[in-house]
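Common to both upcoming complexes is subunit A, partnered first by subunit B, then by subunit C.
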Partner chain A sequence: MAAAFNPTAGKPLRPFMTFALPLLLAFGAILGFIGGQAAGLGPAAGTLVGIIVAAVLAFVLPRYLPQRSGRWTATGICGVLGLLAGGLAGFIGGVILGALLGWAVYWLTKGNYRRGVPVYATSGQTLWHNAFKFICGAIFFFLIAPIVTVIPLSFNAENFFTFTPGMLALDPEAYSLRHYRDFFTNDAWLQPLKNSLIIAPLATIISVTLGTLAAIGLSQSHVPARRAIMAILISPMIVPLIISATGMFFFYSQMGLWMEEYLGLSKDLTGYIKVVLAHAALGIPFVIITVTATLVGFDQSLTRAAANMGAGPAKTFFKIQMPLILPGVISGGLFAFITSFDEVVVVLFVGAAAQKTLPWQMFTGLREQISPTILAVATVLVCVSICLLTVVELLRRRSERLRGMSPG
Partner chain B sequence: MSNATTGPDNLTGVTPDTGLKVGQSDETGPVLAADGTSLKSSLNRALRKQKMRALLLIAPLLFFILVTFIYPIGEMLFRSVENQIVGETLPRTVVELADWDADVTDVPGAPVFSALTKDLMVAVEEKNHTRLGSRLNYELSGVSSLFRKSGRGVDDFGEVYTDQFVALDPAWEDPATFIDIFAGERWLTANAAYDGEGPRPRFRLAPGVDDVLPETARMYADFARVVQVEDDDNPAEEEPWNAVYLALYEELSAGAVIPADFPQAALLNQAQAAVATFDTEDLRAQFVEIDEDWADREVWRIIQGYSAPYTAGYFLNAVDLQQTPDGVAWRPENQQIYITLFIRTMIMSTAITLACIMLGYPVAWLMANLPARQANLLMILVLLPFWTSLLVRTSAWKVMLQREGVINDLFVWIGIVADDNRLALINNATGTIIAMTHILLPFMILPLYSVMKTIPVSYTRAAKSLGATNWTAFWRVYFPQSVPGIGAGSILVFILAIGYYITPEIVGGTKGVFISNRIAYHISSSLNWGLAAALGAILLVIVLALYWAYDRIVGIDNVKLGG
Partner chain C sequence: MTLKTKLGATTALVLAGTTVFSAANAQEMANDMTIVSWGGAYQNSQQKAYVEPYLEMNEGVTAVWDESSAEAVAKLRAMNEAGNVTWDVVDVVASDAIRLCDEGLAMEIDFNEMLADGDDGSTAEEDFGDLLVSDCFIPQIVYSTTVGYRTDMVGDTAPTDICALFDLDTYPGMRSLERRPINNMEWALLCDGVAKEDVYDVLETEEGQDQAFAKLDTIKDNVVWWTAGADTPQLLADGEVIMGSTYNGRLFSAIEEQDQPIGMLWDAQVFDLDGWIIPTGLSEERLARALDFVRFATDTQRLADQSKYISYGPARASSAPLVGQHAELGIEMAQHMPTDPANATNTFLYNYEWWADYRDDLDAKFQAWLAQ
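Here is the complex of A and B:
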């Protein structure tokens, strides 16, 4: 093997025969085993094919092809093998396995595995470095996999919660939008959706208005009993939801009766008021925390300058302070919104059936009559959270830029 | 205090340059502000104004949180000791029972049963007796049905006396007789003017009747109130309950003195002369006939024991203890569930916290040591689950972990697990731990990451250049600096975990549920709210203690969301 290919020159590569080849054969065997199981060849045949393919690629590719085209070749060969074994689904599986194998061939034979470790690192250290990367990858996989799995399952044509053979064979018949259709036409889901869209924004408005004012008050230099006040305002986030819900259950059932009897409000309206107030209380700590954090970077001399030039307190607030802390306020509001939009326990205890929200409906759905429409709803909600996450992330960066901190 | 006139110019009044002049003078008086008041008081005033403004900004929210959050929690704590139902539902019985000593007599005497007849009569009409029954049933099973059964029969108790009064003089059958004796003038006029709109005028006793026939008057007032409120009828047209005649009989035979000018004095005197010859009725026998539990000492002991307006009973119950004649003792083995649940909640929360540390530490380290651009990319992978609805993640895990779910399918497909021997990953502790570790992992990674970002790389490099191995450099130099992050993340995860309800409820089955599930069960299914409140109070104390620790370690102001 030519030393010119080695990106970490200075350390001789390990011999091909005793290092890269056995590892590649083992890797090929594992991939072949999986591929064989998938294509129905049986474990033994699959493993054998895997070993042969791996051996051929290991000997041929690094010698005659540069990395880029070599990896494409490996992908292509395995794709064709998959196509022969199992049609379209086999082709896709083969392409994935081939890409993995092709990457492994160059990673092992060209010494790419030493990238990122110092030249003087021992073999053990290199091994640990790569194992660590692999572990981290597995943890990220653990974090994301459940959420990603839900998405294809929501297109299931059957009423199953798992991948049907048809879905694995990529049969278009096995996929459908029926669960989405159910979600957007069934009253059992539309009413909760509507309720969620009524309750969450109202609760957010209350939390943001009160929370922003209080955060501005809290950020001033001389606030008596600041710590105690802060502890009280943050408490809805600290007290476990089940306890908050229990307390609110007693409180709001009396308050609901009182409102119906003395204010003459209808049962539905009091129900909404109760849930909105309860959710507003839960969202407030998030607003306080984000807005206070934004205000830390706010230069108080700006308000003094504004006052010096004759602006009244209201004008100073809306023209000077508000535009600067707006990103914090909005992301606090989004936190409050998602808190209310996701909340189940409190609404379960405080609300009546007329205030059933989307998470409540999902909760009953999961507990009782389990229907794959839940997965369609979940997919929609994942999209919503991706949008919210994007907005919050953009706002955070903007806010840091405004405050002259790191560009992120 | 001094003022501007102490200056050398002896100016009277304040001018804008007074402060300046005083400052330039030789006198070393207090420094003055521009308006001539002392600088100290002027600054104090400004400070006070600033404080007021800050407080005014905070006030609306503080008020809101105090009313809609802190007060409800206080009320919940109150409910965990409150026990007014026994005293309110059985006021007469509780008084009579106060002297009863369970060690001396098996069953209380006749006065208690007479009082019970009257109390139960009112309670049945107000439909309170089943509530009381279910309340006492928490302490002694069987009491609920005892009260329900007795409630059906109690209105016949004392009928013997009614019949004999009526036989003596048919006037006793006439509601007007009782109205004549007991009703006050004001109520009579108000009741006559009542036109069916709004609530009926509140019944009032005639003055003086209290002194002559106190028990009967009280019973009749109860009767009139219940007739008005519960049945929406006019007491002047309703025949009184047997319990009223019972009370009257008791008081007349006990020698009540009827004044000559008392309404219906003649009728009452005639009755008093006759009561000595009345047939009597053994109320105790009647009760025992309905349900022999009334002859059970335990039932009476429970009623007596819980007659105080406040009780530690719910708390005892919440830690598997009970009140026995010999003091506080453990409940029977087969009824001990809460201690087990508390311990399980603690153990599983600890396991989840440890799992989060194990998984979160490497990831946070990786992100803290990568260039900002790549770290931000990975951060999105952490924040996406954080922002995804809890229900979505829980349903995802339900889908993954089921017997016919994705993970089992995958294992069977690869051949690790036989098809007929699929792993039980859900509806047990395993399911709860896996799902909750996933759900709470971002709460561990974020504080860890923010602490690790502040640890300079040069420390580890310095350690290595001084001869430390990689492991020593990590363990002796890097790790100690990351401990605050571990502490913050652990307490956050632990606090969140011990209060979780939704996820254990869905993936936990019976073996993987937490104490919160039990609280929810008592709120919505068993309706034992006092016990739910007591369990909640204990949980709250644990959380507050942890929170206090969190505050000591990190400080509440340093809570960060999303990096």
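Here is the complex of A and C:
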């Protein structure tokens, strides 16, 4: 075994007893610990079972079975063990753990861990290569896992943020759509949804318009004090939100009173105007930054050429400049939209209860009553965000392709 | 013939007159109001018991909820400074009402004049009795802070008295307590052998405060500190704590409505009050609407109705006999009220005046103790 050659990398494999086996036992112990906790065996028993299973698989599989069927065998064995320990849910857990263990057995004993590294790499370099992959995976896991946990919890039949025993056993009774029903029928959620859908698009339109104009202006070399103006325009993104919010509260209170008194606008309308303007101010920096970045690659001689052919500045802008910087404008607008749609601090200060947005309702709901309706809303929002990002990305690619800008 | 016409004309005139009059009367009141409350089951009970009926009676009036009672004092201060008070009626606990009243942010109430008489013929002042703890505060309910526990985690002997909180030998595990000195200091002293009537005298002295902190020190490592009423029921439902303090209505909801394996103590429950204040600085129309609403919402029947939805005791004495069954579950609510004689055998009366004097000082000490 020790002298066997690794066919892919051409380097001799490390001895089985001092390298692959201890690592596999440790991995089995960890998986067994996790599985044991989930199945209620207790940490010691779970770890022990994990070590035994890992040892058996490590000795038997690589010798007698080719990679593919060996992996399936490991998956099957652990699945049966899980089924015995914890029913249907245990089976699913066992299958996942078994697949991991089966993969690890061949990865370590057959030298697959050397794949992707040059033949001349030292052990240290190989170790780092794999550690790096592991760290990258862990980062993705910790970014995504919290969002994914929310989704099954939103189907909880009970009124708590808890995986009930019924849910873990995959009992259909323990799942329900009641929190989604609550979201779509309860006025306490529908009103905030409506407000969010009024405020975010209006704020986006204002920030995109003003932000794009500012970015174009600031990209002209003859504008005096460009850096200072840029810094001021971007400041809402840099100043802590709570400070902007406090300032906005007093500023917009006075403005609201003035609008009510001298323009005769209703209280509700001034409330919306205040929140829309405040959110637009928060969104402008994102638009400026993305549009400025696109303008860097914009050839100014195109506008001169347009002017040379008799187009006025407005026509040049809409016919020449705008189509070329559109991807930047759209992604800036998307950021502005999400800033407004997600924003809770400023709206708590500037808005009145009539302008309550979804994040506001989620925030107070989380504090006063931990209701899974919040999770249902969160799931809906996650789905909407994913759709929105996908659509925008597809549109962007399409327009680049049509324009022939795409490299591919 | 002429007589008949005349009569008809007069009736029409009178009718027209009354309509005009009542229309004018209604116009003096604002048509939208913002009601500030706590959210959750409590706000729901208010919505069902008197906000919905009020809106049905007054067509064209709309109500918007703002779940900001927890920070009502700070927000009202800011609104007042900015000259833009957007709230019409605000639900606060009694101690906050006293502070708002002292700062001139809440309006003084002439109880007999502005509120309805009791159904039993008593005046409003007689009906609310001792619960009128401030000139600005219209009490709605009596609630209590008490302790709930996991029935499946406490072993064979379920706890019966408050000192189970400090008994780590019999009930090992985490507890959840509110992140503030109120209630915790009192319970610590009670369980350290101080007689109930001496608690505030002892707590006034430096040694007494040290004694309370020393008692809390014995469980400090086993405490999860909560800040929102929903925390303890969630922690209990998760099994993360074995017992914890919270409001009795939250425990009722977790036990009876959500069917969780949770039990509760009534021992040494601490009574507190919750009620309305009306902010100062409202325009005349809005004030008229707020007063009209509060008069309706705090009458005998409405306060009794509220107890159909939540297990808090109505603040009017005349409402007590009208307390009926839970609106959905059909269980008798009287036995779940903190004020029910069977539950109120050993209660602890929270001393507002004492805490008004010592709160800032003890808050600081408590935070320092937490950070140690």
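Keep in mind that, in the parts below, the second predicted complex is superposed on the first by the 333 of 408 C-alpha atoms of A that agree within 3 Å, B and C clash if a C-alpha of one lies under 4 Å from a C-alpha of the other, contacts with A are read in each partner's own complex, and residues count from 1 in each chain.
The definition used in the following text is that a residue touches a chain if its C-beta (ideal position, glycine included) is under 8 Å from a C-beta of that chain, and two chains touch if they have at least 3 such contacts.
Fair warning: this is a prediction, and the values are worked out from it, not measured in the lab.
Looking at the shared chain after the overlay, A:Thr162 reaches both subunit B and subunit C.
In the superposition on chain A, A:Arg367 contacts both subunit B and subunit C.
Applying the stated contact rule after C-alpha superposition, one finds that A:Ala188 touches subunit C and leaves subunit B untouched. Using the contact criterion defined above for the overlaid structures, shared-chain residue A:Ala353 touches subunit C, although it does not reach subunit B. In the superposition on chain A, A:Ala278 makes contact with subunit B only, while subunit C stays out of contact range. Contacts of A:Gly256 after superposition on the shared chain: subunit C is touched, whereas subunit B is not.
When both complexes are overlaid on chain A, the residue A:Ile96 reaches neither subunit B nor subunit C. When the two complexes are superposed, the chain touching more residues of subunit A, out of subunit B and subunit C, is B. Shared contact residues of subunit A with subunit B and subunit C: 160-162, 249-250, 367.
Interface of subunit C with subunit A (complex): residues 32, 34, 36, 38-41, 43, 64-68, 70, 78-79, 81-84, 86-87, 228-231, 233-234, 237-238, 258, 260. Listing the residues of subunit A that touch subunit B in their complex gives 33-34, 37-38, 43, 125, 128, 132-133, 135-136, 139-140, 142-147, 149-150, 153, 160-163, 210-211, 213-214, 216-218, 220-224, 227, 229-236, 238-252, 277-278, 280-281, 284, 286, 289-290, 292-293, 335, 338, 341-342, 344-345, 348-349, 359, 362-363, 366-367, 374-375, 378, 381-382, 385-386, 388-389, 392-393, 396, 406, 408. Listing the residues of subunit A that touch subunit C in their complex gives 158-162, 188, 249-250, 253-254, 256-257, 267-268, 352-354, 356, 364-365, 367-371.
Residue ranges on subunit B touching subunit A, taken from their complex, read 47, 50-51, 53-58, 60-62, 64-66, 68-76, 79, 359, 362-363, 366, 372, 376, 378, 380-385, 387-400, 402, 404-406, 409, 413-415, 438, 441-442, 470, 495-496, 498-502, 505-506, 516, 519-520, 523-524, 529, 532-533, 536, 539-540, 543, 547, 551, 556-557, 559-563.
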